[in-house]
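By letter and in written order, the chains are A, B, C and D; residue numbering begins at 1 in each of them.
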Amino acid sequence: MKISAIITLKKDVLDPQGKVIHQTLDGMGFKDINEVRQGKYFEIDVEENDPKKAKGIVEDMCKKLLANLVIENYKIIETQ
Amino acid sequence: MKSSVITFPGSNCDRDMDVALKKFGFKNKMVWHDDNELPKSDLVVLPGGFSYGDYLRCGSMASKSKIMHSVINFAKSGGLVVGICNGFQILVETGLLPGVLLRNKYLEFICKNVFIKVGHKENPFFKNLEKNIFEFHIAHNEGNFFCTKDQLKEIEDNKQIAIYYCDKEGHIDEQFNPNGSIKNIAGILNKEKNVLGMMPHPERMIDQSLSGEDGSLFFKNLINNIK
Amino acid sequence: MLVNEKVAIEHGLKADEYKKICDLLKRTPNITELGIFSAMWNEHCSYKSSRLHLKKLPTEGKKVIQGPGENAGVIDIEDGDAIVFKIESHNHPSFIEPYQGAATGVGGIMRDVFTMGARPIANLNSIHFGSTQNKKTKNLLRGVVHGIGGYGNCMGVPTIAGQTAFDSSYNGNILVNAMTVGLVKKNKIFYSKAAGLDKPVIYVGSKTGRDGIHGASMASASFDEKIEEKKPTVQVGDPFTEKLLLEACLELMAGDSIIAIQDMGAAGLTSSSIEMASKGNLGIEINLNKVPCRESKMTPYEIMLSESQERMLIILENGKENLAKKIFDKWNLDFSIIGKTTNTKNIELFFDNKQVANIPVSTLVENSPMYDRKWKKAKLPKKNIIKKEVYNEFKIQDILKKILSNPNVCSKEWIWQQYDHTVMGDTIQKPGGDSGVVRIHGTNKAIAATVDSSASYCWAHPLTGGKQVVAESWRNLISVGATPVAVTNCLNFGSPENEDNMGEFVECVQGIGEASKYLNFPIVSGNVSFYNQTKEVGIKPTPTIGGVGLIKDYEKMVSMDFKEIDNLVLIIGKTEGHIDQSIFARVVLDEKKGPPPEINLFNEKNNGESLLNLIEKDFIKSAHDVSLGGIITAVTKMCIKGSKGIKLKKTKNLIHDITYFFAEDQGRYIIEISPKDLKEVTKILNKNSVYHEELGVIIDNKIIFNDKTNVTIDELKSYYTNWLTDYMN
Amino acid sequence: MKISAIITLKKDVLDPQGKVIHQTLDGMGFKDINEVRQGKYFEIDVEENDPKKAKGIVEDMCKKLLANLVIENYKIIETQ
C-alpha cells in the first residue's frame, strides 16, 4: 500500500527556499502571507497491506534516511 | 604520506583532488564507495561533487555507503579526515561534524573566488600556516552552514570553527558571506580536531594559471604537519 | 489503431509523404511503423529542408578527422590527441519548461560527445531570450540558467563560455543552444556504424518511460495557441544517471568490446537503431520485450518513440556481453541485450512473440524526403544618412553608459557565476573573456572555445551576417592567442515553408560557407532548428557558431584585461565608421534600418594571422576584438577587467568622434603593447599591410578623451556589471 | 491560517530522486518497496481564516508559481 511521509524543517531552522518563495509570491501580488515553509513529500509504495505495519516501515525509513532529525520532523500519513 | 580519496557515484572532484595530493607529495589511492576496507592511510579525503546527484539532501545517501563505516571508524580512532564541499556535506550527514548545510541563501549555485580567514590554528590542518587570510575558490549550491544556538556556542567555545568567509583584509562581515551561512562559517572541525569539513576547493587553486595558488599553501602545510 | 492519411497528418506528415510511405512499403504501415516514419522523416531528424544547402558547406581540412554525419565532429590537435565537439539546440522544450528543457539539452549534447569516446572537458551555451520588457523573459532566463547549471555542474564539466542575447523576436521562441567539447585519443574514437552479422545489440542507461513521445516532431512544429497540449512531451533530465553513464561508457571503451555506439537522442530507440543499421548497411532485429521499461504496459509504439534521456545503444563483439554487463552493473545502470544485427537490411521489431514492424532501413534514411524549398533573396538595404547635427545632442560618455548597461552588452556574470567553470582544474580562462580556455590535462596545450551569433546583422542582410558570425568566432579565438581550427554551427530559423525565412537560411548558410572556406575554418558538425516561430512570425535568423582553437603553449595565452600603466594601446583594422545596425544605431538612435557592416575576408585573415604572429613573438600584453559597441566599448571592457584606465588620443580621422568610437566595422582588435616594442610591432604590422592606429596609453582608473569625456572606470563598471543582477533581483 | 500544498510529479514523469532514494533504501535493507516518488510540500500561513478562501488563495499560488503544471500536480490540504 502507499504511505506518505511529510518532512518539515524544525521551527527554529532557517528555510532559505521558503523565504525566497515568500518574497516571490509577494512580488506577484500575494500580499497577505505570514510565512512560507518548504518541506519534502514522499509517496512510498510498500509490499505491506496492514496500514499500521506499513506506516511503521516508512517511519523507520524516515528515521534512517529520509529525514535528518537534527533539523527535520516527519509525519506519516496514508496516501490520499 | 599515504592518502585515500573516496569516489562516490556522482563525485566529480575526485580526480582533481588526486592530482593535487600527488602534486604535494602524497601517495594517493582512489577508493570505491562500495569497498569495505580503507587502505592504510594517513589522510582520508571525501571529495567534492554531486554524490547521488545531490538528491534527497546533499551527502545523505553517500553517508550510508559501505566505505563510510571504515571512514567513521578511522575518524573515531583519530585518523585525519577532510571533506571538501560535497565531502563536507557527507561528513555532516554522518554526524562526524555538527550542523547542516542548507541551500544557499539566494538559491543559486555560486562559483567564484572568495577570501577566507583561518579561525583556529590549533589543529593538524591549519597549524604552522604563515598566513591567516587566503583566496580560495567555491563552487556549490548548498553551503549555507546552519546549527542551533547551543551547538554554535559549543563549537565556538571548542575552537571548532576552522575558517570564515571574509574580505581581502580579513573582515568577517555579512556582506562577504556568499551563501548565508551562520557567522560566515566556511568550514568546521569536530571536537577532537581530526575531522575537517569545508566548502572551498583548495584543489582548484594549485598553480599560477588557475588564478591563484593559495590551495598549494594548504596542501604543502598539511603534508608537513602530518610528517 | 487503424492507419490512414488523417492519422499520418496528425503525426506531422504531409499527405504526399504518407503516400510515399505506402508506395515504398507497398502496403499500409501499421501504427508503430507510421510512428517510426514520422519520427525519421520529420525536419529534426531528416533535415529535409536543409540537406540540399548544408551540402555546400566546407567540411574538410588538414585537421579534420571527422566532419558532419557522426554524433559530433572530430579534429586533430596533435600528439595523438583529438577534440570532439558539437552544438545542438533545445529551443522548443526550453520555452515550455525552461529548467528541464535546458538541462536535457545540455545532457543530450554531452552524450553526443562521449558516445564518440571523448571525455567532455568544456561546455558552452548560446541563449537568446525575448525583450527584457517581456513578462516571461525573467522566468525563462532564470529557469534556463538553472537548468544548464543544474545539469553541467552535476556532471562535473566546466561551463567555460557562452553568449546571451535579448531581442523581442524571441518573445515567443527562446533559443537554447548547448555545446560540448571533449577530449579523446585519436586511436580510441568510437563511431556509430554497425558492422558484422549476429552481433548483440545492447541497451544501457536509464529505463524507457513515456517521456517526450514525439519530442522530435514537436521540435519541427511551430507554436500556436495549442502549445499547452504539447506539454507532456517534455522530458526530465537525470544528470546523476548521466554521470554514471559517462563513467561506465568510458570504462567499457577502454577495452575493445564495442563495434558501434550511438546515444538515444531525438526519436530515441528509433533513430539510434536505424542510424546504426543504415551506416553499416545492415539490418537490426529488436525484441521490444527486452527493453527495460519504467512504466507498465508500454506499447511498441511508445517504446520506439520514447525520448527518455540517459540511454545508449551499443553493438558489441560476440562474447563480450558479460564483461560489459559487469561494468554497467557496477555503475548501477540498466543493461539488456535487446537484439542483434542481421543481413536483411530491414529493421524488424518483435513484441510478445509477434512481429510488430518490418521496414527496409533504406526507405527510412536514403528515401526520406528532401525538399528544394522556395526562397527569396534578400536585398542589401540602403545606407542611412545620419546628419551631423544629430550627433551634437550626445555626449560620448552618456552613450557609453547606455551601451554598457544594455542587456546585450552588459556583463553576464550573474549567469556564469551559476555555472561551475573551474571543476576539472584546467580552466585557465573563465567566462567573461573572448573565449573560454581549458588546458589539455597534463600537457602544455590548451583549447579555446567560443560561441557567437549576430542576429541583427543576419536579419539586415543574411549573407553578410552569415560571414560575420564566422569571422567573429575566428576573432574571439585569436584574441586569446589560439589558432582557429574548426567550427560547429547551430542554425536557428523560422519556418522553411516561408519563403523569406527560407531565404534567410539559404543566404546565411552561404555566408557561413564562404567565410569558413576562406578562413580555412571548416565546419565539422552542426544542427538545424527550424520552426522557431509563433503563428506567422519567425525569429530573427540566428545562426550560432561554435569555434574551437588550439593554443600550443598555454603560457602564451592572452587575456583582455589591461595589464600595465604606461603601456600603449593600438587598434588593428580600419575604422571606416559603419554605424547602421550597430548597437549605437539601434539603441541610441533607435534606427533599425540599413545594412550590417561589411566583411572583408582578406582583411579578416590578414589581421587575425598578423595578430597571432605578434602573440607568438610575445609582444601582446592584452587583446580584445572589437564587436558590439565599437572601439570605446571594447576599450572600456579591457579597462574594467584590468582595473586600469586609458587616455585616448585625438582621432586623426575625418569622421565624427562618435562615429569613430561607436562604429562596428569588422576585422578589428585592440591590443596592448609595451612602449619599447612599438617600433618592432609597427614594423611587423606594416610589413603585413595591416592597418593600425595608436589609440592611447594606459593610465590609472579613468577614461579620458577630452574635457567632456572624462569618467572613472568604477563608474562605468557599475553600469556594466550591475544591470543584469539588478534586473534579475 | 495554515494551508499545505503537496506537489507531486505526474504519473509518467521520471522522478530521478525517487529512483535513487529507492535504490538506497533497498541497499539499506528495506527490500519490500515497489516505488518511491518524491514531491514537494509547502506550508503557507495566509492572513485568511475562512478555510475555503484560504485554500483558494493557495491553489492560485500553486497554479502561478509553486507547481509546474507541465509535469506536476498539486493537492491542497489544511495543515495538520
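What we mean here is this: a contact is a pair of C-beta atoms (placed from the backbone, for glycine too) under 8 Å apart; a residue touches a chain by one contact, two chains touch by 3 or more.
Since the structure is predicted, the reported quantities are computational estimates derived from the model, not experimental observations.
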item: Pair sharing more residue contacts (C-beta pairs) when B-C is set against B-D; value: B-C
item: Cα-centroid distance, chain A relative to chain D, in whole angstrom; value: 9
item: Approximate Å spacing (C-alpha centroids) for the pair chain B, chain C; value: 36
item: CA centroid of chain B to CA centroid of chain D, Å; value: 33
item: Chain A-chain C separation of Cα centroids, rounded to whole Å; value: 41
item: Chain A, residues touching no fewer than two other chains; value: 65-66
item: Residues of chain B touching at least two other chains; value: 52-53, 55-56, 61, 64
item: For chain C, residues that touch 2 or more chains besides their own; value: 238, 240-241, 332
item: Pairs of chains found to touch, sorted by chain label; value: A-B, A-D, B-C, B-D, C-D
item: Footprint of chain C on chain B - complex, ascending; value: 9-10, 12-13, 15-16, 19-20, 48-50, 52-55, 108-112, 137, 139, 141, 201, 203-204, 206, 209-211
item: Interfacial residue positions of chain C with respect to chain B in the complex; value: 146, 149-150, 153-156, 238-241, 243-244, 331-332, 416-425, 427-428, 430, 439, 554-555
item: Partner chain B, residues of chain D touching it in the complex; value: 16-17, 20-21, 24, 27-28, 38
item: Footprint of chain A on chain B - complex, ascending; value: 56-57, 60-61, 64, 93, 99-100, 102-107, 144, 146, 148, 180
item: Residues of chain D defined as touching chain A within the complex; value: 4, 6-8, 18, 21, 24-25, 28, 30, 32-48, 57, 60-61, 64-66, 75, 77, 80
